[in-house]
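All remarks here apply to the structure that follows.
Naming follows writing order (A, B, C and D), and every chain is counted from residue 1.
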Amino acid sequence: MLARAVMADGGACEAQKRIGRVVMPGEALLLPGHAEADGERLRLAANGPQKGRLVCGPGLRRGGEGLLVTKCGLLRYRGPGSGSGGVYWVDSQQRRYVPVKGDHVIGIVTAKAGDIFKVDVGGSEQASLSYLAFEGATKRNRPNVQVGDLIYGQFIIANKDMEPEMVCIDSSGRANGMGVIGQDGFLFKVSLGLIRKLLAPDCEIIQDLGQLYPFELVLGMNGRIWVKAKTIQQTLIVANVLEACEHMTAEQRKQVVAKVLEN
Amino acid sequence: MRKRYGEARGWIGAMETEQKKCDSGDLPSLRRIVCEQGLLSRPDGSASWMQGDTSVLAGVYGPSEVKVSKEIYDKATLEVMLRPKVGLPGVYERSREQMIKKTCEAVVLGTLHPRSSITIVLQVITDAGSLLASCLNAACMGLMDAGLPMGSLFCGVTCALDADGNFTLDPTAKQEKEAQTVLTFAIDSIEKKVLMSSMKGTCSVEQLQQCVAASQRAADTIFQFYRDSACRKYSKW
Amino acid sequence: MAAASGFRTVEPVEYYRRFLKENCRPDGRDLGEFRTTTINIGSITTADGSALVKLGNTTVVCGIKAEFAAPLADSSNKGYIVPNVDLPPLCSSRFRPGPPGEEAQAASQFVADVIENSQVVMKEDLCIVDGKIAWVLYCDIICLDYDGNLLDACMCAFLAALRNVQLPAVTINEETGLAEVNLKEKIPLTIRKEPVATSFILFDTVMIVDPTAEEEDLATGMLTIVTDEEGKLCSVHKPGGSALTGAKLQDCISRATARYKEVKKLIDKVIKSVKPT
Amino acid sequence: MPLDHRRVPGPEESQSPLLFVAGGAEEEASEARRDPSALQPLFARVSLLSQAKGSAFVELSGGTKVLCAVYGPREAGGGGEARGRLVCEFRRAPFASRGARRKPSERDPALAQALQEALSAAVRLGRYPRAQLEVSALLLEDGGSVLAAALSLFDLVSACALCRRGGEWLLQPTEEETRRACAQLTVALLPSLNQVAGLLGSGEGGPPESWAQALRLGLDGCQRLYPLLRESLLRAAKAHLPLRNLQLKRGTLLHRVLQNK
């Protein structure tokens, strides 16, 4: 296996050498030449990191001379780009969602309380959603949202010390695909890692599935997927294949899709 | 067609368990370790841990909603439930729960998830010696699988001393019964310090230090196993 | 003064750290200093043995009642020792009425573990007739005032009460096969070992002995060491918390050995003062 | 009986050795005649627990030892009531009584109830809206007159127990006397107002006049106890003059009583 050479005790080693490999909590990663990085913990999605500053993403925290790993997973890195000094993060197979500002999620409305809806997003606390946070909503023109409805929205407030808050409009007040998700269709849960994989640009899984037949798909960063195809049977097939993708290699997946296509 | 598809899933399912299982082979001085992560679908993280014939199943939930009465404003509320193989948990289980809980609290970065709850449920499947150590290991693997932020890892090591002062690592139930002293430690992965210690029987100070040193060495093997197991889990990802 | 108490309320940890920097504690003690320990034995006449221990404010009473029971089938020559720690709502506002909570249960198990480990009293000594009748010692330890370091106080009260136990003489009536108790003749228990507990709290890497309740709440870990007269360890109980190196552990053991002598002397003195023989 | 999973388990059943005392019968205690209206010497201390808002310890020379603590006022659960709530708990230590050990889970709802009734008359609960005051009493050793001792822990309320034997009533019976008594009566009194706060009687007491006589005797006993308790409180109050505000509700109550006079 790949990690035999590295001491299990996580004796500090250079972050560069560990990219793409499994890192374990407690491991220290050295960052040569990034000594100017401040001790502040920055989120991957933190708006506008200063030029040249390294961002410490999920699963990592600053400490010692570099980064400390807090989650088990694969170390990822995105090189310096426009205005950013590069990003390190840990890709892990987590199932429980923790709200992050800017994430698009699928929530279930659990209660109406005055001017806000309470939405279950799978985190430790229910998110709040104002009835004004829908496209075209005004004090008079309330959106038609019922308890039990599915909501596709985005977090505008998400930090550990505050109740998370969702909206269904973008910064220019447009729905941009967000809002109440229509009737029927099928909602199910997968691991957060799979969602991230599916959301990656030109994801092979989606392309493979696209060969089967047309269907609607909503992916929430909180591990929830909503699918709707022409018939219930088709919906279930898509859902089942997606669920199974969790543990399949690309080869196996192609086989399964081919099998379904045959019929 | 639906039926056919069902078949396909069954085949995928079988393959999955086979691939996910990680096997330590025969490690020097420790019994054979087998661990499988993420085998339960309901909890946020799960692990089954076997060392020798001792087997413990861990399910981890969190960070999830917390009861108002147990809410802590600046950190997560951690709870451990230890279920014996048969019967209801008693005072013994409660005291071990407390030990495991405080060990986990020392490594889990609870301040990152204030006002939430983290629950670890440990179900004893078989007890064939070194149970507390197995529980600790299962809990750590479960926490890792749940992806909860941790400052370091920990592992449990049991050490048995016989009347002549010879020690056995990872003793079986029989060895434990015959031993004069049975010591269990939780060792952290960064500096190999002692996080938890529990003792049955009496021993001298020198013997204690000997056992600490031996456990620290054994911890390396277990941490390497943790890593191999994680590598295997992520290899096909 | 008012500013200091405000500081204490708002930033208890920082307040405490300032003291630690000067190697002392808010109550004026050194890091390695115990609070005044007083022991009073035999104060409860309805029990067969009793002791009241005060460790600073912490007050614990242990009453032992002896009864007859049939030994277990698989250990026919053994009696029973049943220790239970109770933390009633009376001792601190943190405890609610009802059955024992987690802390009380953990303390009960700790005392039970130490009894088992150290063999304070051989259970064989409690047997009256093999397979038929044996003594059960119900050791009920009740905390009256909870101000930290419960385990030390419990162990101390338990040991003192055990030494105070006077069991009535028992003979077996040949004809009826029943036990006959002679209340006039009392026999003390045979105590094999005298385990004494010493508790520490960890404040990151600093070890502090005999914590108050306030200190325990702020601490990042706890450690209890139980030693006997031969300097053997009867328990090294560390339920998680901050990590500890072997060397630090050694320091704690040395402190525990010194404490052993103090407590042993105190108990001996009290026992002697009660029975001037 | 269901197994108790929260305590270290012992054998399933056990008997008190007193049942096996050679000679069978109880030792015949010499019965000293005593003045029926005599009180047992009483030792009382207040504020001895560091954690409680107020606490007291009373010991009767007969052996009875009772410790009592008051916590609160704290926020009461449930709806907001205009009056505060008084929650009383009465526990016996498992080793408190002669004879068989009690199961530790047993509490004494009847005594707690009596305690509560007597105290609610004394505490001005209206002063603590939506709050809960908790009173817990722990009996360490039972030497008779338990309830009375517990009650006398609260400054306003002084209490006396009596027991009837044959035709006459004895004040503050010892445990021995209680066992042989056929009727018992506990009287609690608010001495400054001269009102009875609690009364608990049991057993066959005979004709009403006999009860009336008992009550008189009890009240007399209460009045005689009052100065004793008051003195111990005052002593404590003086010792902790700067702390008087903290000095439990008992301290403030005492104040009010003195003002009432």
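Heads up, the rule we're going with is that contacts are C-beta pairs under 8 Å (C-beta built on N, C-alpha and C of every residue); 3 or more make two chains touch, one makes a residue touch a chain.
Quick caveat, the model's predicted, so the values are computed rather than measured.
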| field | Any chain that touches chain D and chain B | value | C
| said: Taking each chain's centre as the mean of its C-alpha atoms, which one ends up farthest from the centre of chain D? | reply: A
| query | CA centre of chain A versus CA centre of chain B: separation in Å? | reply | 29
| Could you state the distance in Å from the CA-based centre of chain A to that of chain C? | 52
| query | What whole-number Å value describes the gap between the mean CA coordinates of chain A and chain D? | reply | 64
| said: Where in chain D do residues touch two or more of the other chains? | reply: 6-9
| Residues of chain B touching 2+ other chains? | 91, 94, 188
| request: Specify the contact topology among the chains shown, as one of line, ring, star, complete or other. | output: other
| request: Using the contact rule from the top, write out all pairs of chains that touch. | output: A-B, B-C, B-D, C-D
| remark: Residue set of chain B touching chain D in the complex reads 88-91, 94
| request: Could you please specify the touching residues of chain C with respect to chain B in the complex? | output: 102-103, 105-106, 108-110, 112-113, 116-118, 220-221, 223, 228, 231-246, 249-250, 253
| Can you name the residues of chain D that touch chain B in the complex? | 3, 5-9
| remark: chain A contacts chain B in the complex at 1-3, 6, 8-10, 22, 24-26, 59, 61, 68, 70-74, 92-96, 98, 123-125, 160-161, 193, 233, 236-237, 240, 244, 247-249, 252, 256, 259-260, 263
| task | Show which residues of chain B lie in contact with chain C when the two form their complex. | result | 91-92, 94-95, 97-106, 183, 186, 188, 191, 193-205, 208-209, 212-213
